[in-house]
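I have placed the structure first, in the form of structure tokens, so that the comments after it can refer back to it.
For clarity, chains are labelled A, B, C and D in written order, and residue numbers in each chain start from 1.
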């Protein structure tokens, strides 16, 4: 059996752990051969491969990034993309494909599987943890740990100077990183994309915190928006390739708070630091197990499936579920955290 | 309403986060007063209390240990213990008691609740994660992170010197810390209390690892035992108070490996480092939520209960479940990890 | 003897370690009493004090920030400021004053000492390490460690996506943090305020790095400037209080690189994260020793002096040296690092 | 020019950074070729080499250990050792040799240089920091950071249980790690090899600490010895190869403290964790600069020299100085720390 592996989409701590899990078990227990495709779907599209065997995966467990490279190439948007992939997989004599990635990457795998009968298994990857089919995705715990450590550090600066510190964390559509790191870091305000915020209310919390002689930390997800659409995006809200950049809410909010409360406010945008580097122990464990179970799917011929975490078990769900529904923060959970606001 | 709070048993990162969650929500949302009892059950036994209000819990979230102190005092073993506790709680006008602790601490709470009608709520605490009623206990993730970081560091020494490094981690009756840190750290052998190990097999794995020009890391839980009872406990296997010290398996194993394989072997016993200091983000989040839900139990008059984690939800289970069954490592899980041995 | 202590200027890991060193030795060995002044020079200006004795300094060694609070209040700019300070110090019966702070704070101490005969001892504090009288200042090592860890993490994202990552670190007038963290993090370009940079040259380094199939990390000090004054400050380059914000060079540079090389570039501004939180071991050691030697100065009546590090020794220099000359990066040192560019 | 490089002796964070500095500058600026010798002096003794060029040193900066491997092979103790080395270096057409190592490794280099005219340059390496020719050696700062973090964690356990915690750190002949980590971690007793300790005095400090309602942390260097030679070495004080193991003082001391004070005491032996894994920023900076200056020595034909740190400068000293004198802790420095004891 010859199995292809690819990683697509944004960087995420744990990708290498998945690859290692797949290859160690596949090669050792099932005697499979592996072909690594480079840079997500660009690999099978352009027949760009990399050697993938046990020596290739030695020592990669603690390393961030992915030894296979990644890209956002979407073959559905490339003329004749799917056919070229089928041809190249045939050329490489690939009998099963393991795709590790987010909504986009797995969406392609689902179509390849459903419509073209290509034997695919998916491994979910989103640092934002916003996938409804699984309790957690790998990378999320690492991101939350990094954001929490940053918040820990910012507390002392806030206190020493009696300033407001606004921390912008990742999360375009879901506030999981903001909620978890805000709770773990002892933030005084947490703002998430799921619920438009009222700047007046934020300023009240800020002021109330100062009244107890402490300085407030405001954690805001990059996708959080004010209630009245009053936030003006910066001129540079599109990057050089024309994509909208959502960043800016942190800086905007700090200025509003300064204006309305008269207190000094500063912003820290954690950015890419949250998604790189060595994975936390939890993420290594989860990613490793995802890898082991993905190759088991292949071994059992259980295709069109995605591995997922439920409680402490690894389960299998249809690949199509991967893209079905965004898992956003439950309003009750957000309300639960509200006791710490102000 | 006047609520008592105590923490019993061994140190565990997250205790302060629970206390803070209880007091913040209880005082702010429900208007309760709190009394902290010092050093676990010794507090109510000797009527030794400490002030516990919102200022008292400020800034404690990231700190290890417990502001209430802890002890292993068991009132069931003290003459007239339960009656004295009842009297002291009455003196303090305590209407509900939140006990945060392990099997022993919660066992007392269960009896107080069941047999004496004292309104108790339990919060489970075991760094070993060996409690069947909950997916995870707080403190465990921190311990696994610390052990994993140590294993990461030991890899380079093992490689540079082509030595065997044996790492002894916590876990007297259950191998969760060994299993998780071993998987996350890329250990080449993992030994747990649930399954007696065969020294010959361990030496084979060690030898096979050297054959691929890498040096092996052996992770062993302190409670792991060899198959044939061949391990001789050290003379100093009892501490000055006569308690058996289980430590020693790591050092014993290193010597056996040296003797049998002719390779140098060294042992590192992580010990107390695993249970102290600032909690990981996951443990702060879990402990905080346990605290919030424990005080909700009190508010709803739902006594004789313990909070627990199931998937991503906090649920309630009977306090008696806390002590009912040890959660040991499932043989299937251990076997799953076996693909990385050798 | 009654000794006043104050901390002025920006937050810096190690302030509490200095305070603890001063008080532990002063109270224990010399039997002194201490008065803490709150928020830098605002304290003696407004006679705002805080208790400062051995119990007050217990447990503060590992904590960031300062238990005395800080501010940028400059009594030289306050009408009648110096006289009010003299009066308040007299009221408090202060016989010696230990001022911990940067150029501004120590400048006031120098004038108080020289012109008004007030017995002052200074402890230098600048996270930027730009003080010529001492080999290192505390806080710097912590900042460099934090920046280096961030660069480590960003490498994997850069590699996985073949993107340029620009990291803006602290350093308005001196590039020490950029130089040390850039060297330690394996940056491919390091830009410092001491030497105006040529964007064309930066782009050549970036391109050359991509040619060897690696993605570049550019570390830029916040005070670095392009050669031709071509950098346009953002509209929001003044904060709400009218102070110029120097931030922006990182974002500006990323856009220039995108425009000129056609490669995607992203910026991370580390900001306040670099100056908060628990100090590194080196900074705790240095700050503690500074504290011990500062109180020795008081004990020996050696006033108008500042403690400083030379090699591994703590020495004393005139307080006026503290403000005499900025220690910028030696061009030779910068050139030495150049072997890693590109 | 063809340059040989080898690393000898114990593992030490920063070895790879030295190698990278040597090769990057040597290959890029001076156009040299490099030959890596495997496992210290075993490499040239047995003509065992490894490729060493710019691609080989990419990405190794943050990694612990050494890509060249290490051993304690001493060619002076091997019959005809020096001649075999000379022959093999000639075979490989080596014109200069850079030896990175401790007393033993550099001692061989000194003899090769002095007596046999072999062009050698040395880079000092000792995690114990006990080399008189240099202010600091790389690896030391990392070890101190790791020990300090462990002490931070142990404080909370000590406090929660009111126990004595004894931490045994590295340092056979010099107490630098104990002194620095003890100061940085806020230890209550620090014991070093340079000064035999009085157990009675230690117990007094321990008791005095308990009297202020805090629990003591005792940091003891592995080479520290009691005054009256009363410490009985364990039966297993020799390893399987007959070498004396100095370990044991920590455990011995904990038992003495328990016996004499009646307080519970526990020991943590940090062991190899201190010498492995990723180097701190300071160590990466120092090791990188050592590498750059070592290759400059070669370039300038300045052989028989060792690079060293003085203040913030890298200087050169005769190779023979490397082995001349052990740098032990100055009694004055130890006394300075004494203010924190008890």
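Everything that follows uses one rule, which is that a residue touches a chain if its C-beta (ideal position, glycine included) is under 8 Å from a C-beta of that chain, and two chains touch if they have at least 3 such contacts.
For reference, the UniProt names are A, B, C, D = Pyrophosphate--fructose 6-phosphate 1-phosphotransferase.
Note that the coordinates shown come from a computational prediction; the quantities given were computed from them, not determined experimentally.
Hopping across touching chains, the smallest step count from chain A to chain C is 1.
Shared contact partners of chain C and chain D are absent; no chain touches both. Of all chains, the one whose mean C-alpha position sits at the greatest distance from that of chain C is B.
The centroid of the Cα atoms in chain A and the matching centroid in chain D are 40 Å apart.
For the pair chain A and chain B, the distance between mean C-alpha positions equals 30 Å. Here the CA centre of chain B is 34 Å from the CA centre of chain D. Among the residues of chain C, those in touch with two or more other chains are 152, 278. Here the touching chains pair up as A-B, A-C, B-D, C-D. Per the touch definition, chain A reaches chain C in the complex via residues 10-11, 13, 15, 63-66, 69-71, 146, 149-150, 152-157, 159-162, 165, 236, 239-241, 251, 255, 258-259, 264, 266-273, 275-278.
Chain contact summary for the complex, chain C toward chain D: residues 24-25, 28-29, 58-59, 61-62, 135-136, 141, 144-145, 147-148, 152, 180-181, 183-186, 214, 278, 280-282, 284-285, 288-289, 292, 310-312, 336, 339-340.
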